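The following pair of complexes shares a single chain, chain A, combined with chain B in the former and chain C in the latter.
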Partner chain A sequence: MSSSQRNFDKAEIDRKVNDVVHLMLIWEQRKIPIKRADINKHVLKEYRHAFNDVMKITDKKLQKVFGLKLLEIGEGGKRAYILVNMLEHSETQQMMNWNDNPKRGLLFTVLSLIFMSGNSMTDGTFWNALKGLGIEKDKPHPEFGDVKKLITQEFVRQWYLEIVKLPNCDPPQYEYKWGLRAYHETSKMKILEFVTSLYDKSSVMVWKSQYQDALEEQRKTI
Partner chain B sequence: MSAYKKCHIYFLQSIMNKTILSESECQQIRQESYQVSEVTPEGNLLDFLQVINDQLHPFHFKIRQSKREDTGETVYVLISLVDNDLNRLVVGGDFTRTELEYFKKILEVIICLSDAENVGTASSIDILNLADSFSPRMSKTEAKRLLTRFVDERWFYDNEGIISLSPRCILELEQYLSQCFDSFVSVCTMCSNTVFQAQVCSNCSARMHHHCAKTYCKRKTTSLKCLSCNHPFPHLQSEDNGVTGESTSSDTGNALGSSRKKKRTHAH
Partner chain C sequence: LVSSFVNRARQLQLRQNYRKLIDETQLNKEELVKPDSNGLMENIAKAHQLFKDVNETRGAALDSKFMTLAVTLGAQKTNLLQTDLVAFQPDEFIAKLVTCMGGTVSEDKDEIDIPENGWNVLGQKTATYFTSLTPALHPLLGAFEAIETGKTNRQATQRNKQKETSTKVQLPKELTNYKDDKKEATPEEIERVLHIINTFYKDDPASPIDYFELVVNPESYGHTIENIFHLAFLVKDGLVKIFLNENGLPVVEPVNVRPDDISPRKKVQVIVSLSMDEWYAIIDAYQLKDSLIKILF
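After this line comes the complex of A and B, so read on.
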């Protein structure tokens, strides 16, 4: 391959990278993972052989310009990508903006409930707890509308929550857990800090077992 | 060219979340961005935005300065510079084909069917009633949910039941709108930008933005004329379309380049 041909390819790859970045940011608005097949179909096309190289450079550019990180989720044929925020936001600051983003407020409440209950809750316990906060499964909420759909579909689709069917249960029972995106965009410690401020407690250490749990997670990520 | 720093990334993420920011929101977020990233503030907002736009350019995005047609206030909009047709809503918005059709119908009602009193707007009641004749059939609840979603995603503004096009809609779907609604799309006789919500000359039907009319009235207090045909325009209102907003000085050339050509093949 002549050097000019190599340069042409490099320029073309660079263009493809920029288009992938563009596509991922557009797709990110839905907060649904984008699959390799989507990237190949919409952008790479005849350059699909360069997928891995393109994604490496795409990740770098996303981090440098947008402060977002590529995260690969799922396995084998179900592999897909989401964008995760690398910047540290003061969680309490963000949360207090409930008017700005009520859905996010609800999400943090849900994540808090699950974490404080030991990282998982059965659907019965979960909805009872929400009922105590004025949110009912089958009643339209003035702010969120169909809460059941929002929590069991939208949040799950966005990988903030994971809802798993428990085996050998009749009638069927479900387990509510944090989704992969939740683990990457926030942390147990941050959620604990949120709950602490909400309950106006002096320190996160008030919650003994949850504090240990959060500390353990912190140690693992360093 | 100034260096691209963490403060710029913070700002960029904020405008990515909200798509449209008012002038004061921009200033506030810019200040917060400096604080949070511990960078010393320097320069003005336009310089700050230019640094970001230089980084955004290869990825076909741009932060554009524009004016809301309903209030006349200056806003900053993050727009995509490519794929400026409705496919945008399918790829990025996760809308179904039916929902897309409904979006098109809303555009049609606002652009083509608005009455003389309220050019470039439509009532939410009329828009929701569209669901009745829609096929496949759409319930009112569904239509309401959809309309709310379109407003939340900043395609339309809802001013107490009056629906109008947002700057995001006008700028991003520019190509689509001028192709699809051709004869219904005109430019303001004052600022030469595309105009939907307007005051209309009774003689030649030339249009002027409400905020441009306001500026015109300030400069020229007597014998107001249509800028296109010189026909007297005595009822030219100096008030915005009933919606109060910050009054802004007229467009001066700005670094972000509000476009001034009538027909464009793509936003720049």
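After this line comes the complex of A and C, so read on.
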């Protein structure tokens, strides 16, 4: 790479930044975390050496214009970026007619089940519980279609869930846990608040162990 | 001799019963510590009965063993009672969710009926518990060029460069076109709609005009939507009011036609939507052949 190319053409960088902003907003449609390699391939190309600078400005623009923050999650080979809403949400968020409400309802149910059951559930217990909602692992669902695919593939690819194979189990058993993205889009305390209101209990503290767990998480993030 | 033999047999039986009681208690301890279970008290009563007949050390030792177990479980149970602790049961949680979605579960738990809108309702209710909900961009014409191959990108930038030099010439042209197109949304058009409404109302002062008869143009869906749009402005400015008549149908009436009507104006915000299917249905139901608001051009 010649030195003249390395003199970052500011106009070109700005163009790249705008393209990355667009890319991230469109990528958000699938909710799959975007990797550095994706950004380089689709937008930066010969400017990939300017990645860090571009991302810094991209983050600023996303925050200033859209109120969205760029967040890097994961480590090593599994590092990727997601968008997180910076704004304080109010009742308007509940009023808005989001397209994927049903999926979000299912996701929230799943995350709640897992957290309240001690942060992990075996696949047997998990699917058994969902039966009570009319969801059968291998039957097509009127609302969600292939629920098994939705939960074990889509939610996992979106980093909402993590499914781990348990060692030394025959027949194979799996453990369902929260994915990295889940920790950034909701919190254990929020789940507790929901469950508490659903059960019409007076305080989140009645869930003794889960409350301690949620408190621990709060302390870590602050 | 006989009585000592009988006694030994009796004591053996007692010890066996104790062991059985201890095993049972151990096995069911999860159930027994639950706040609403009486099992522990019942087992303690059973042990008490057994103890009445014990008269040797081995029996007494087993009784102690049982009591130690009972006391430990009792302590756990008390712990749960004191802090009003609720154990999380997935099935209970799921059942409450079903209710939350407006659904029902049959007696034998075999039939679970969740209404069509149920999951949507749950999604909306849980939206506030997400600390971050991000909207995604859905370009009207699909994903943009940057995702296509590099070739198109370079062509696009070349085209852009050419455009830049000729924009100055293009601008004035665009402006004049813009003015002409604006005709439909101008205050003039809205006034025209008002005039039509007033004319019709004068013809038949006692009855307000049916909303759908007024806005629907059976020959143009687009124009129907424009009429709804214009009417909305009239309502917003307080020149016209829309309300439901005794049949529950929306009707339109000019404001201040009745001199004795001094009722305070209530402002209510309503969103009206009309899909093409609904438009067809209304034309059919009302048997509309003509539109009350004629298209100008």
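The definition used in the following text is that the second predicted complex is superposed on the first by the 195 of 222 C-alpha atoms of A that agree within 3 Å, B and C clash if a C-alpha of one lies under 4 Å from a C-alpha of the other, contacts with A are read in each partner's own complex, and residues count from 1 in each chain.
Just so it is clear, a contact is a pair of C-beta atoms (placed from the backbone, for glycine too) under 8 Å apart; a residue touches a chain by one contact, two chains touch by 3 or more.
Fair warning: this is a prediction, and the values are worked out from it, not measured in the lab.
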Room on chain A for both chain B and chain C (clash or fit): clash
Touched partner set for A:G145, first chain B, second chain C, both or neither: first
First (chain B), second (chain C), both or neither touched by A:N85: both
First (chain B), second (chain C), both or neither touched by A:H22: both
Touching partner for A:G134 - first (chain B), second (chain C), both, neither: second
Which of chain B and chain C A:V65 touches, first, second, both or neither: first
First (chain B), second (chain C), both or neither touched by A:G105: second
First, second, both or neither for A:H42, with chain B first and chain C second: both
Between chain B and chain C, more extensive residue contact with chain A: C
Touching partner for A:W178 - first (chain B), second (chain C), both, neither: neither
Touched partner set for A:I32, first chain B, second chain C, both or neither: first
Single chain B stretch clashing with chain C - from 2-10, 146-154 or 236-244: 236-244
Intersection of the chain A residues that touch chain B with those that touch chain C: 19, 22-23, 25-26, 29, 42, 85, 89
Sites on chain C touched by chain A in the complex: 83-86, 88, 90-91, 93-98, 100-101, 105, 109, 112-114, 119-139, 143-144, 146-147, 150
Residues of chain A defined as touching chain B within the complex: 18-19, 21-23, 25-27, 29-30, 32, 42, 61, 65-67, 85, 87, 89-90, 145
Footprint of chain A on chain B - complex, ascending: 4, 6, 9-10, 12-13, 16, 36, 55-56, 58-61, 80, 82, 88, 91-94, 145, 153
Chain A - residues contacting chain C, complex: 19, 22-23, 25-26, 28-29, 31, 42-43, 45, 68, 83-85, 89, 91, 93-94, 96, 98, 100-106, 108-109, 112-113, 116-117, 125, 128-130, 132-134, 143-144, 184-187, 190-191, 193-195, 198-199, 201, 205-208, 210
